[in-house]
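Chain nomenclature is as follows: A, B, C and D, assigned in order of appearance, with residue numbering initiated at 1 for each chain independently.
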Amino acid sequence: MTTQSGLTPSNLTDTSRIEAFSDGVFAIAITLLVLELHIPELEPGERLWPALLHEWPQFAAYLTSFAIIGIMWVNHHSMFRQIRRADRGLMFLNLGLLLWTALLPFPTSLFAEYLQDDSFDAHVAAAVYSTNLTLAAIAFSSIWWYVLRNHLVDHDLNRSQVRRSVLRYSVGTVLYAAAIGLSFISAPLTLLVQFLLAVYYGFEQLRTRS
Amino acid sequence: MTTQSGLTPSNLTDTSRIEAFSDGVFAIAITLLVLELHIPELEPGERLWPALLHEWPQFAAYLTSFAIIGIMWVNHHSMFRQIRRADRGLMFLNLGLLLWTALLPFPTSLFAEYLQDDSFDAHVAAAVYSTNLTLAAIAFSSIWWYVLRNHLVDHDLNRSQVRRSVLRYSVGTVLYAAAIGLSFISAPLTLLVQFLLAVYYGFEQLRTRS
Amino acid sequence: MTTQSGLTPSNLTDTSRIEAFSDGVFAIAITLLVLELHIPELEPGERLWPALLHEWPQFAAYLTSFAIIGIMWVNHHSMFRQIRRADRGLMFLNLGLLLWTALLPFPTSLFAEYLQDDSFDAHVAAAVYSTNLTLAAIAFSSIWWYVLRNHLVDHDLNRSQVRRSVLRYSVGTVLYAAAIGLSFISAPLTLLVQFLLAVYYGFEQLRTRS
Amino acid sequence: MTTQSGLTPSNLTDTSRIEAFSDGVFAIAITLLVLELHIPELEPGERLWPALLHEWPQFAAYLTSFAIIGIMWVNHHSMFRQIRRADRGLMFLNLGLLLWTALLPFPTSLFAEYLQDDSFDAHVAAAVYSTNLTLAAIAFSSIWWYVLRNHLVDHDLNRSQVRRSVLRYSVGTVLYAAAIGLSFISAPLTLLVQFLLAVYYGFEQLRTRS
């Protein structure tokens, strides 16, 4: 399995340094979200408390993206507990997932700024946010498909388990893609649905495991 | 104890990756605080040194939040040394604690900007800061309550130890809640009390252990 | 090999803490790139979608730098799997590599801002970006040269393997230096070539290992 | 040695999580320095290249602070290789060192902005920068003094080794304090001396070990 041509003793490694690097990116991205929160600039006569309340979209977007990155980390954790070997293909697919994770603070900030805009721009911002999450879901699916196909999992799963796991990732991707469509109906509703999807994925995983 | 239905061999894991992720968030949040410090913009004829001194609220808020996150990290460390197993419930409660930790640079910056404001806004900023810390204290308590209730600790504690530990977290939560009230009396005093609370928690833990 | 004079039991250590520190810097630099992305400020009557499209240089520069830092991390990972011992010289050469990695968000932002500038400034920005990457390539080469020369690798490589590995790093450095020249012909072409170089280095390494 | 009263089995732990947390703060602080670099805003008719050259103070300050934090990390690494046990006192002293490390991007930015100022403000900025580094040197000394006094080192050092190690830290602290004085003579010279001190400490350690 491991050919030793070239400099490297093996093209397969354990996953510990991938996990450490990924944990780093997840931890930094989730913490950088706070930099997108801005202190309100008060106009003369304006009070701080109503000005903060008026900024609820940025707090709602912050909370939603925090929940999403947090649950992505939990799920990344769960997935990699089942992966025992890594090759460069897995490293690159994982970099793809990290790309969409590290990028998330940008559409979060965009979404927050345009959430209450009464023009078509609110729909565009919601769609950009949902597209980012759809691409992250596709990246998750592609990692799982790759590790199954290249026998990098810890133990061979039976066909029913493989089918269920692939189905779960596919459904997730479809739900996120549907949220792109929803963006053109209502931006605030899209944010709420994204938050509920994150919570659901947290609990749904809990349920299938117990 | 570990049912093996579904993809995952077990719904219980060791806590090492939770601790690594938490350490990452604590380390990033404590280091990001510096980004809230701004170089004074001098008006014509103004000198740098008095302008820096005039900005003492942002340095005081920086120091206080640094001490708070630092001591939260120490206490998180102490708590997780006693936790040997993690499940998804613990992961989500821990994410709750990380939410309030990662958010802290925002109320820190808000508090620093309004500390010397002579309107009611100073009290609002102090109350937002204290509320953030109260929510962090509640998150700490809920983690401890959860690990006790689900027998995730290393060894069974006797009833007296459980009572003392729960009491300690409850008192902390009450003290932080009291600081919300204090915010409406004096904003600078609230900052001082928050700093002293952090120092006290550092030493208090030292004392009960020796 | 290890003299024990002075306080330190040995001037050679294992590489785990260097790798952890380097992983941290790579993870932070790759995630900080998002802070260089700015939400477009719309002029009256302007729409969000075309304004975002108009900002394609910053997304292209983001993607290119993300790919470059990601592949640098993969290659750093591969290189250090072959290094078993570290001394302070290796630590300082590694700090040199981290310097050019941590600095990359600055020329990325500069390149994005001037990519479509129709003056000579676009060439300057492209050359600054390419120079940064050339210096990173030189840093990579110097680490490899140092570990070969000081027998810090895991096992002695035969002369053909050493020649091939040194050749590979030299070719990379020459390619990056050539991109500095290309910067003065076309800035957008330089960005494209940098992206293709990153992809090529990803696949090229894959090929030589299989 | 380890009393087991209270909840905690022991008030002594291994140093691995302190080192991981410290590595995180060092890695983040060294990488955040790049956020203090600003793209020059060109005035009409101004060219990018001379504008970048004109900004040399911010690049010089960046390079100096990068070297300082990098060498602090190397020395922290060396020191903790000799420390085998940690208690809460060590954790708090280490937090003190991390405070001055995490704060460094602020005086770096301040120093860069005022380096070429021809008023007294340049001296103030240089003195603030040097004071920060002096406080970091004191924090380093206090950690070493504490671990010697509380027998937390790996093995008992002989008196000559203790004397030499304490002397080395004391000399470092005095040199940094002297740089505060130098700040009031020449700000650019202070920056140069700080860079040379960092390089010297790198090589000096190398020499005493070989």
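In the analysis below, contacts are C-beta pairs under 8 Å (C-beta built on N, C-alpha and C of every residue); 3 or more make two chains touch, one makes a residue touch a chain.
Which chain is which protein? Per UniProt: A, B, C, D = Membrane protein.
Everything numeric here is computed off the predicted structure, so don't read it as measured data.
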Fewest touching-chain hops separating chain B from chain C: 2
Euclidean distance of C-alpha centroids - chain B vs chain D, Å: 25
For chain A paired with chain D, centre-to-centre distance based on mean C-alpha positions, whole Å: 36
For chain D, residues that touch 2 or more chains besides their own: 20, 24, 28, 32, 35
Chain contact topology (line, ring, star, complete or other): ring
Pairwise chain contacts under the document criterion: A-B, A-C, B-D, C-D
Chain D partner contacts - residues on chain B that touch it in the complex: 19-20, 23-24, 26-28, 30-35, 37, 39, 42, 47-49, 52, 62-63, 66-67, 70, 73-74, 77-78, 81-82, 154, 157, 161, 164-165, 202, 205-206, 208-210
For the chain C and chain D complex, residues of the former touching the latter: 3, 5-9, 11, 13, 17, 20-21, 24-25, 28-29, 32, 35, 88-89, 91-92, 95, 98-99, 102-106, 109-110, 113-114, 119-121, 124-125, 128
